[in-house]
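To keep things simple, chains are lettered A, B, C and D as they appear, and every chain counts its residues starting from 1.
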């Protein structure tokens, strides 16, 4: 297996004004960056300008595409809008395809209420799969998000460090396994 | 019950270049318009300019919102993108909420392949419900859509007229029932 | 509209030993029974003997079927097993079809953990729809169920009375609306 | 990596009388058995007696459990019942947990109609994930199944051999990759 670091970018999946997914995504990036042999970066959907006159691969942003190509795994930080995913996140995800194949993905759901984004996570699972990504069986669930971070984005509930650690452990494992597979196992 | 016509706008749910959902939506509008006591109009997502710097009700388009308010039922014509819904359709749907409550919705799934958009329909069901819409238990399934319409949008397979008739029959029934409920049944 | 009471049976959807869905179902029955003009009864899946050598309508239990036929709405009390529904609940539900058509359904999800059965609810929505039932857009969510009821089944958290009231208000409204529709609105 | 064959049992997921999933499962077993370095066997849900007085791991069948423990991947052949999974299949799957972890799964959906079991496949994805299985992004879709096999179970449409080959190629790849991971990659 190549020895270069495992690269796991974190997508902040909504441009919404006042988004509480922003402190979550920053916290996640911070926790990923702490791990040995893992690199990360924050991809803010606000910074990827996409046309709205078309959908799909023809409107691919070259920089986003290049980052996806380099990634070994993705983390998607995503609020739940009407029990589904934010439209602009899907608009972005649909612009790539081969870039994602046989890579791992973990989802962090963000809710103002008590259910930790479980419904948006469920709705993304079949989409992730069709994009060629491998869903891990551990999620990040950020319920009552206004109680987890203060207005300045400071973490108030330390229990999330431990919870995220288990999620990241599984994601890094799967990222390594799939990288080995991409590099060493032939398809017959 | 008020005697004004049942109003069922049809949303063409993708701006994609070369979209085959366009002939489907036009065909659906034509079939709805034929029914006694029913009015319709085509809402092309291309014609509703929405910002991409925010999501949700704060970016509501007044004209779309007014149309939803007047509607008794909706038809959504939607292609399947990576086993989910087009991002820009969700971006639009999320801009309204109270406008939809206790109204009927029917979905016409559009596929280039053989499965009639079943997966995008499944993925929209929980979203429709959370928006307050009532999913009917009949769908429009337009499989291998390039064989149903020619390049000019002409219908090639007459069987779709009969199939859509059953879908519309159920949708109009539910639209009438729910209008009666909204106007006459108190919530206790 | 006929003036006979609205009939809303409550299905206790698991036979599991030690099931915490039992106090939930009993509590729900109690709350439904309090409402004017509404009748209810508890249907315990343990009491409906079904063969396991076949599936579907051919193994219909006549008594269950007769109850479904009389129902105006259903409440399903259901724990979440591996993010899906209990097998024996589905085995039971699949034995009927025409009995359910154009009736309302509300789901009470039960979890030992914090997420209120949201995932089993999401997984049941398309099934309910295909059975002809109309999902309301309000759920019962019983999270950390061991904190809501004590060992003897006594309610510990009074907030659930108020929450369930809103759920039942919506369910009764939809049950009345659909009964009016079944009795008075012709399908054209 | 150990050199013993990859073991991929095929679960025939319904006991329904007259089941058309039986010729599908037999065909799948036959195709898997042809591959070098792969072993398989048919697990007929009819042959695994489970009590219906309880659900979950406490009613585990030792033989089924031992087979799952040995498996590197699973294939589930499953008809679509009311847009969901057969109850008895879920009843069986829920009896195991640790046996499935970090193994691959592929689903073959069976429909009497045209949509290839897409809806039952979608409904199983989150369940598979929660069981620790890794969904591959290729499915078997057996539409209009009465046209694919005759009454005696003979294959009528040779195109399915080629289609299943692609599905199996991906499943075997993922099974090998995950076996490597289980045996060689530590979780940190």
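The rule we apply is simple: contacts are C-beta pairs under 8 Å (C-beta built on N, C-alpha and C of every residue); 3 or more make two chains touch, one makes a residue touch a chain.
The structure displayed is predicted, hence computed values, not measured ones.
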| item | value |
| --- | --- |
| Selected interface, A-C versus B-C, where C-beta contact pairs are more numerous | B-C |
| Most distant chain from chain D, judged by the mean position of its C-alpha atoms | B |
| Centroid spacing, where centroids are CA-atom means, of chain A and chain B in whole angstrom | 31 |
| Mean-CA-position distance for chain C and chain B (Å) | 29 |
| Inter-chain centre distance, chain A versus chain C - centres from mean C-alpha coordinates, in Å | 36 |
| Shared-contact residues (touching 2 or more other chains) in chain B | 83, 119, 122-123, 126, 129-131 |
| Residues of chain B defined as touching chain D within the complex | 83, 114-116, 118-119, 122-123, 141, 143 |
| Residues of chain C defined as touching chain D within the complex | 14-17, 46, 50, 52-56, 58, 81-94, 97, 119, 123-124, 126-127, 129-131 |
| Residue ranges of chain C touching chain B (in the complex, touch as defined) | 35-36, 122, 125-126, 129-132, 134-135, 137, 169-170, 172-174, 176-178, 180-181, 184-185, 187-188 |
